[in-house]
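Read from first to last, the chains carry the letters A, B and C; within each, the first residue is number 1.
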Amino acid sequence: MKKSFRGLMLLAGVLVLLPLVLPNAYYYDVAIRVALNACVAIGLNLLIGYTGQISLGHAGFLGIGAYGSAILTGRFDWPPIAALLAAALATGALALLVARPILKLKGHYLAMATLGLGIILSIVIVNETAWTGGPDGMPVGGFGLSGWQIAGERAWYGVAAVLLMLVTVLALNLIDSPAGRALQAIHGSEVASRVSGVDTTAFKVRVFVLSAVLASVTGSLSAHYVGFLTPGVAGFFHSIELVTMVVVGGMASVFGSILGTAILTMLPQLLSAFEGWETLAFGVILMLTMIFLPRGLVPSLRLKLGRGKK
Amino acid sequence: MLTVDKLCKTFGGVKAVQGVSFTIEAGTIYAVIGPNGAGKTTLFNLISGVYTATEGEVRLHDEVITNKRPEELARRGMSRTFQNLQVCMNMSAVENVMVGAHLRLNSGLIAGMLRLPGVGRADKTCHDEAAALMAFVGVGQYVTAHASQMPYGALKRLEIARALAARPKLLLLDEPAAGLNHTETGEIGVLIRKVAAGGVTVVLVEHDMKLVMNLSDRILVLNHGSKLAEGTAAEVRANPAVISAYLGASV
Amino acid sequence: MLSQFLQFLLSGVTVGATYALAAIGFTLIYNASGVINFAQGEFMALGGMAAVFLANAGVPLPLAIVLAVTVATAVGMLVEKLAIEPAGRAEVVTLIIITIGASLTIRGFMQVFLGKGSHALPPFSGEAPIAILGATLLPQSLWVIGVTGAVVLMLSWFFGRTLTGKAMLATSYNKLAAQLVGINTRFILLLSFGLAAALGAVGGILIAPVTYTSYDVGVMLGLKGFVAATLGGLGSGAGAVAGGLVLGVAEAMTAGYISSAYKDATPFVLILLILFFLPQGLFGKKATDRV
């Protein structure tokens, strides 16, 4: 835990000091989005980087959380926390239901199945206009407890930062534990883990459900923060963005996920100067990163710095 | 301790294992030999639950364990190594060995995330035990190394350390000496004796005749998926069918 | 009743033929390299768009088509040279991301240089619908089905009778063995990408008079082509064709009898069901791991 302790302190430091340097609400917005996305990315990394599975449909789970919260609070006047929990529960149940048959698949078939699941969810969201507002989207109320609401950039920043710290600590703990070792062993050699007593199916299912629920919770909070939802939040592109954050930042690296998220969330903002060229630029950056830094930024940097030290 | 009764495995048209039966006494070293393609590794995979049997039965201490999954067999004290190394190259050497102790630790996801009391302490103990096991099998110098940095011979021993970390009562070694030179093979033999001396029943598949003859209490000879002969080293060596089918003029 | 069913069937087979072409493209590349080419759909869009712009620029339609297919083929080979080859032996996830990057790049190019509008090609032989047993068939549909059929026949001749085709098959069975007998697997890989791109482009051009083409038409087409290839069993050419046709018909039936809004969900529901019950697809082989 020692090397990750340093990273944790660094993260805490950055999160605490950032408000001192952020000049205006726009930058706060970026920071909040990065923090929330990073939570999803860390969960997804546990599935992809550590356990060695793939999910090309995770935005679907995010969508369930986002739209679940929006619909329950907007149309049924549920308290936001109850809505968030209900949506998370629903996501968990769905993930549990599909996990066993899906995770029996490997490689491209697994990718295809998760892709299909994500797209079905997003199509449902687009089509059920009466509930979701369809392609035009729907507004979402604020988040709070009986009267008190989270209002303003700073408050939301606090919430997002605390959530990120929490998720980071939990993830780091997990990786350092026997469960975390079992997950990595599944990636390394499934048959070797099985003969060592690891119930590989159960573990894969659990980490799948865990990452799905985390995506849902983050989706709910994001919906309340942004105040407006469109179906794109559950779409194929968003799923790909999430996977890219994990892969570019570094698979099997919690801090890599955070860095990858930061870069990929800020990139569209930087590229908005190149009107219309965002897709092209995104594609090129993706290819270059994957070809030259296939392990992702953080592990590749670690390797280079490690060599420098020796 | 372990009884195999008319075990069969067919892959499409190939009868890999046909009606093989034998019994292994606890605390002995039992070897399975035979030419390439005789069905030795298939037999291992059947016993350890990696393959499902087409017919027949496997009993461990009178409990029928045919077609039980590998995880369940691990819980019953069975452990194994693999002919084609199955080491987790994405983990460090000592972590690989610690995976072997999985069943003895609290491996819940929630417990891990929350770092419940005891999980950390148990992990430290597990780490120390793993390091000790690495020294026991002769790769103590790689305790701080990553699996990807270790040479082939060391990795073979690492697998044995991982299998031992489970504190098994029955250990299956699939070609432990494959790819090793003369000296290394001798060292593996010494290691296997040490393990058996600790009360573990060892079953090994091997090609190296000298190793097999020196170590084994009993030997099973397979040919084309069926039992050709069974007995002590001396009996098998003298068996004319075995000599003509396999040993030839060697040894 | 029957005429309605026939109508759906015919439109299903038409669109299914396009999916089949995309699926064959996926299969070709998968067989040669184990990579799922997420840019396959973009080759279809590229073919259609290039043909439209060349035709609008005054190039006679047949020539425009040939040039468009050539452009797509070149782009396909470029993708292989610049994106796949440098990646070496990367993990599945990494390769998937690389081809996604390639697809974004190609789509981005089209977005910037060819604009966001939808375009149509003129139908190849007129618009007069043909009546069959109460259902109407557009002449363009005959082109789609006919050309696809011809392509499939040409490919089976190519793989069965020519040395290059057999070399491709050999590479897909065992790359190392193919290399050892002197097959230039690098060239085979390049060829596969080129061929897959050409097939995609042909599909995109064939369907452009019917369903229009635009810079982002490749997204759904590509995904559905992937589903079709998986349906038939990744790696099986016959499976790809079967998968494409099954998918097209299933989609049309869903749109006709159940709900046209959920038409797009059909491929994905279908693939989930297939993968749950027949993980190797309709024609794939069951895989056992050797330990």
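Everything that follows uses one rule, which is that a contact is a pair of C-beta atoms (placed from the backbone, for glycine too) under 8 Å apart; a residue touches a chain by one contact, two chains touch by 3 or more.
Computed from a prediction, not measured in an experiment: that's the story for all the values here.
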Please identify the chain with the largest separation between its CA centroid and the CA centroid of subunit B. C
Per-chain CA centroid nearest to the all-protein CA mean: A
Gap in Å, rounded to a whole number, between the CA centres of subunit B and subunit A: 41
Expressed in whole Å, how far the mean CA point of subunit A lies from that of subunit C is 32
Centre distance in Å when subunit B and subunit C are each reduced to the mean of their C-alpha atoms: 48
Listing for subunit B: what residues touch at least two other chains? 50, 82, 86
Return the residues of subunit C touching two or more other chains; collapse runs of consecutive numbers into ranges. 291
For subunit A, jot down the residues that touch at least 2 other chains. 191
Using the touch definition from the top, list the residues of subunit A that touch subunit B in their complex. 170-171, 173-174, 176-182, 184-185, 187-189, 191-200, 203, 206-207, 210, 252
Interface with subunit C, subunit A side, in the complex: residues 48, 54, 56, 98, 101-102, 104-105, 107-109, 111-113, 115-117, 119-120, 123-124, 127, 191, 236, 240, 243-244, 247, 251, 276-287, 290-292, 294
For a test of understanding, state which residues of subunit C touch subunit A in their complex under the given definition. 30, 36, 82-83, 86-87, 90-94, 96-98, 100-109, 111-112, 219, 223, 226-227, 230, 234, 261-262, 264-265, 267-269, 271-272, 275-276, 279, 289, 291
Spell out the residues on subunit B that touch subunit A in their complex, using ranges where they run on. 48, 50, 69-71, 73-75, 78-80, 82, 86-91, 95-96, 98-100, 102-103, 105-109, 111-115, 119, 122-123, 126, 159, 162-163, 165-166
